[in-house]
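Mind looking over this structure? Questions follow.
Just so it is clear, A, B and C label the chains in written order, and each chain counts residues from 1 on its own.
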Amino acid sequence: MQTSPDTNNKINVQTLAELGPLPMKVSLGCALLLPVAFFLGYSSENGMEKFAFSYLQSTFFFLSISLGALFFVMIQQLTRAGWSVVLRRLSEFISMGVVPLAVLVLPIVLMVLAGNDTLYPWANAEEVAKDHLMPAKAPFLNSGFFALRYVIYFGSWIFLARFFLNKSVAQDENGDPELTLLMERRSGPGLLLFAFTLSFAAIDFLMSLDPHWFSTIFGIYYFAAGLVGFFSTLAICLIYLRSKGLLQAPVSIEHLHDVGKLLFAFNCFWAYIAISQYLLIWYANIPEETIFFQHRQEHGWGTISLILVIGHFMIPFVFFMSRWMKRNPKTLFFWAVYLLVMNWIDIFWLVLPNAKAGGEPLGVSFGMILVDVCCTIGVGGLYVAGILKLAGQKSVMPVRDPRLEESLKFHNI
Amino acid sequence: MATTIEQSEKTKAEPELIGLLAEFDDPQALIDASMKVRDAGYRNWDTHTPFPLHGIDEAMGIKFTILPWIVAACGLTGGTIAVGMQYWMNAVDYPFMISGKPLFSLPACIPIIFELSVLLAAFGAFFGMLGLNQLPKLYNPLFKSDAFRRVTNDRFFISMDASDAKFSEIDSGEFLNSLNPISVEECWSDVSSPKLPRNLVLGLSLVGVIMLLPPALVAYKRSTTTNTPRIHIIPDMDFQPSLKAQNTTNLFPDGREIRPSIKGAIPRGQFKDDNIPFYYGLKELPEDRDVVGIALQDEKKADAKKADAKKPVEAKAADAKPAAGKPAVVDAAAEAAKKLDKLPWVTEFPMPVTEKMMARGKERFRIYCSVCHGLSGDGDGLVSLRAMELLQGTWVKPASYHTDNVRKQPVGRLFNTISNGVRKMPGYSAQIPPEDRWAIVLYLRALQKSRYTDANTLKDDEKSKLRDTK
Amino acid sequence: MASVTTKPIDTTTIEVPGQRAPLVLGSPDYGTVTESVCRLAESKTPMSFYVALGISASLMGMLFGLIGYLIITGVGVWGNRSPVFWGWPIVNFVFWVGIGHAGTLISAILFLFRQNWRTGINRAAEAMTIFAVICAGVFPGIHIGRVWLAYWLFPIPNQMEMWPNFRSPLLWDVFAVSTYATVSLLFWYMGMIPDLATLRDRATGKIQQFAYGLFSLGWNGSSRHWHRYERAYLLLAALAAPLVLSVHTIVSFDFAVSQLPGWHTTIFPPYFVAGAVFSGFAMVLTLMIPARSICGIEDLLTDRHLENMTKVIIATGSMVGYAYAMEFFVAWYSGNRYETFAFINRAFGPYAWAYWIMVSCNVISPQLFWIKKIRTTPWMIFVVCIFVNIGMWFERFVITVTSLSRDFLPSSWGYFKPTIVDVLMLIGSFGLFLTLFLLFCKFLPMVAMAEVKSVMPRPGGQGDH
């Protein structure tokens, strides 16, 4: 609980560089799958649609993780959390993933600017003119404004992620408690900015794939998905790093237990948001809204929807609830990987049913999944490589955070 | 003494030593002492603290409770009950459609499944905790110790039970003293049974008696009768400002409280013009819609006059000459009958005639018609016989179906008679739906036919059938 | 908590990073905590208490009188007329249920998040939860018309051989609110058992000894009991946390599963929950700021508690603001003219006054809490919280009344006017609430002593909380 600055000197500064060059090599190797995915798509029927949607899915899958991390970092600062200090730097690293993602999302924006309507029907002026609703939405859904919003979103996220990482790294040097106070003050407005940018980004990039459909909760849905993704990733990273000797002493089973609890809780939160959206739309039964779930019940998507209900919520709810599951690194690792996969399926389920070729929706198929998996691994390689590069020689723990002592001593009740 | 059970006389017989109590003023000292007690191998002992002391569980070697499993089981039970209840109640026992929703569907069940799971799980947590702790236990010998009253304030205790295998008064006492407590004291059992304070007993008895009053009152009222009108504790819409049927009102200029239907309005489900033969027994409706009704009324009026005129007729029964007024009455009746005859009655049944329809007609006939007209349609039903017996002057004997007049009538006319009545006979359209009225007409035709069929024209099997039928 | 903390910052509530401000001010030891909490129940009652109780009890009496009048006369005594059939009673219901969210949230969710500062306020907040839920339960109860048939709402066999319709969100509400009331009561009572035992052990009068003795169930502070007790408390908290979310979610379903523009929007569940927490915290502060100075428990319920709660208010207030903005945006974005109209009508139609009261009280006034000076000055907090309470009542009014008064069919539009009975019943419900709260302050431990003691620094000991 109580800390005096001189105790910090006992802690060794560890960096991700200690993992050696292997992670970077592996992730760059994975990145090679991106062109593979492209050619896989190119060579198959309706391949470009499959690839374009898979690419959007992959980037927004990783974006959800980084945004979850950004949220976690800010909320920890805001609430003066003590227990999480040892995990915070890693979260800050993950949040820096928005930098490589800004580059990775750029092609999508360029496509829209070029008037290509593979992804977004509203990007094509002729289509808009033919439609009965899209002209009304044109003041918002137009390529110029879309590109501008892209700049605003990624600009704000990069700004926030860099701010919190840099200030925290600066504290590693001087141990200045003022920096903690500064971050605490900034995190409140930061979260407001975050809430709006995230929601509108979700509306722009994901919801407007079907420009007729609308749901006020959509931003929160994407946010909830992101938190599940982030806590899974965090647990996976922590267990991996501990196995490699990093953070082994500072991150105890107590911290893992807490990450597990948060993962479980936010998985329930995700289910809550999902069921809120589903139940309201199902019950009111208004055709313009039910179309969203209609699409996700036909052409094989019904199976994916069921996998989400059972696999994303019910199975982890029953089996991941127990304390034992969260306190054993092996089982926690299993559930984290499992839920990350489920989160991937969730984003897959959000994006891919919108894939159409010649007005006909593409059913879920092995080819589609293959392209998407390759694409995800490829984008993921670049994403991880970017994070590793940005993490560079920075310590994996805020070694001179004033609350570090409290975090190290942290004990669950 | 901080308990409900007061202990006035402590020692009557021989009290037994039930345990030792060591007092500490520091939580850490208690934890340290607990480890020693644990290591010394005692089993029946406990520590008492004013708040949950962290670290004491390990120090005492307390095993992790099974409570979470109880809670999980209760939660599961709640969820199962919720699903079963909703399914059975809404889809099986009392199914009804509402806003096009399926009778049973999981999305709509989720909220209640959740709520009942939580409710039962919460009961499991609360009552499970009490059960495992064997609470409530209002009497506890420890409460006799004055020092122990600070256990809920700022003191920490170790209590050692005399039932422990290792327990001995002297050794254990010394052992506890070696742990550096503030004090060690002995706990003795009670010998006298505890007494409740008198005020309390009186108070509780009074409450008990008062609580008996309402059921007693109810029982009394249930077993007696009264002449006064009932008390409306719950008004339950007993008194309403709405108008009662058949009353007058000054709300409307005509003073009628029941409003006549607006001309030309067709009540829901009463549109008949799409199947005139079926609903009216007419091939087509006459120009003047009301002609049927008027003809009937005329006939009835004439009939009534006839009945009035009957008395003087009967008075001079010996004289066969008709009375002065009679011809006019007969004329009116004949005119009305003529009017009815002229209407375009249907002569064929407006639907296929089937065996089933005949059976239905027979059944309906026996229910509605036979009481007056008799089972074979001779006009000798029980009601009629009784009325004749009572010499009811106004009674008109029901027509026999077997007169030429009735036999000649087309089926449409018969249908109309059942629907709207004739002479004294009221219409049955309100009681008998049209298809049943047609079925009755069919049966009536069968009755008529049975009277005028030569047995010789029947085939053999039909004859044997007739013989066998009772 | 390490022993070093007990040095200089004892009387301050300013936190320096790395140093946690103490949760209990003064020179705390276990005895003084017991003393300051039990004093309320044991000392002589001041005259002002009886005055306050008299006023609130007569308001409560007025409420019950009006309910009697309502039952005898019928629901026509309210302003509910076509097209607004859900008028003030439902507004009041949602308002009170919302207030009833703070207590369990503080107890359960903050407990799960290990926010130890909650120990000072959780007991009073939980009590408020229960009283608010009682007030809330009154309104739909009397809204059903034939009150004596209210048991038809529950799946118990009745003379009609009918069962309730489980597909109706109103029935979900019955289950949600009654489950919530039950679980909150259990949670509250369970938390109180050790403290009732403290009162029992200190009581001198026979009646007190009996009553506290009965309700403390013979608690003797056994560590084996504490072990199960803590586990049960944790489990109840884990159950109550999703439950508290579910209650207002289901209340929001009452509106949101319909097709009425302005009611049917998917953000309603989380938005209602955020609004409920928002109003609940505001109400807790409104009551606790005067109560803590009257009862003299400022050392247990410090300025830091107040500040933390104001932060929760900014957070939830911003969420509510986010939801308003998102609703407005999506109403336009949907391209649905009824949706768009519903929101334009809210902001600029005949109820614009209510809408702007709502926005200024709920979104603008809590933003004042960004200023530290306001966050740390009790009377300023009090004023802002009053505004929040008003704003949250108006939020429910805006949602319920504006959407109903102008729906799809312009020929059936109308303007809602409350009757005097509506107004007096709302006031009366405050009387009911305050009466119960005053009785609670008088007879029950207002602060969870055992919990406060468990987060206090141990005298000379080590370990953490």
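Assume a residue touches a chain if its C-beta (ideal position, glycine included) is under 8 Å from a C-beta of that chain, and two chains touch if they have at least 3 such contacts.
It should be emphasised that the depicted structure is a prediction, and the values quoted were computed from it without experimental measurement.
Q: Tally the contacting C-beta pairs at the A-B interface and at the B-C interface, and name the larger one.
A: B-C
Q: State which chain is most central when centres are taken as means of Cα atoms.
A: Answer by centroid distance: C.
Q: How many angstrom lie between the CA centroids of chain B and chain C, rounded to a whole number?
A: Distance between chain centres: 38 Å.
Q: Express in whole angstrom the distance between the two chain centres, defined as the mean CA positions of chain A and chain B.
A: The computed centroid separation for chain A versus chain B comes out at 55 Å.
Q: Using the touch definition from the top, which residues of chain C touch two or more other chains?
A: Expected reply: 169, 230, 242, 253, 464-465.
Q: Please output the residue numbers of chain A that touch at least 2 other chains, ranges allowed.
A: Residue numbers touching two or more other chains: 279, 283, 285, 413.
Q: Can you list the chain B residues in contact with two or more other chains?
A: 54, 68, 101, 108 - these are the residues of chain B that touch more than one other chain.
Q: For chain C, which residues are in contact with chain B within the complex?
A: 29-31, 34, 71-72, 146, 148, 155, 161-169, 171-172, 175-176, 179, 182-183, 186-187, 190, 194, 197-198, 200-203, 206, 209-210, 213-214, 217-232, 235-236, 239-240, 242-243, 246, 250, 253, 449-451, 453-454, 458-465
Q: Chain A touches which residues of chain C in the complex?
A: That would be residues 1-2, 4-5, 15-20, 112, 114, 169, 230, 234, 242, 245, 249, 253, 256-259, 264-270, 314, 318, 322-323, 325-327, 330, 333-336, 370, 464-465 of chain C.
Q: In the complex, go through chain B and note every residue touching chain C.
A: Residues of chain B touching chain C: 1-4, 26-28, 46-57, 60, 62, 65, 67-68, 71, 75, 85-86, 89-90, 93-94, 96, 98-99, 101, 105, 108-109, 111-112, 114-116, 118-119, 121-123, 125-126, 128-130, 132-133, 135-140, 142-143, 148-154, 157, 197, 199-200, 234-237.
Q: Going by the contact rule at the top, pick out the chain B residues touching chain A in the complex.
A: So the residues of chain B in touch with chain A come to 54, 68, 100-101, 107-108, 110.
Q: Could you pull out which chain A residues touch chain C in their complex?
A: Touch residues, chain A against chain C: 1-3, 80, 82-83, 133, 136-137, 140, 177, 180-181, 188, 192, 195-196, 199, 203, 212, 214-220, 265, 268, 272-273, 276-277, 279-281, 283-286, 288, 401-403, 405-406, 409, 411, 413.
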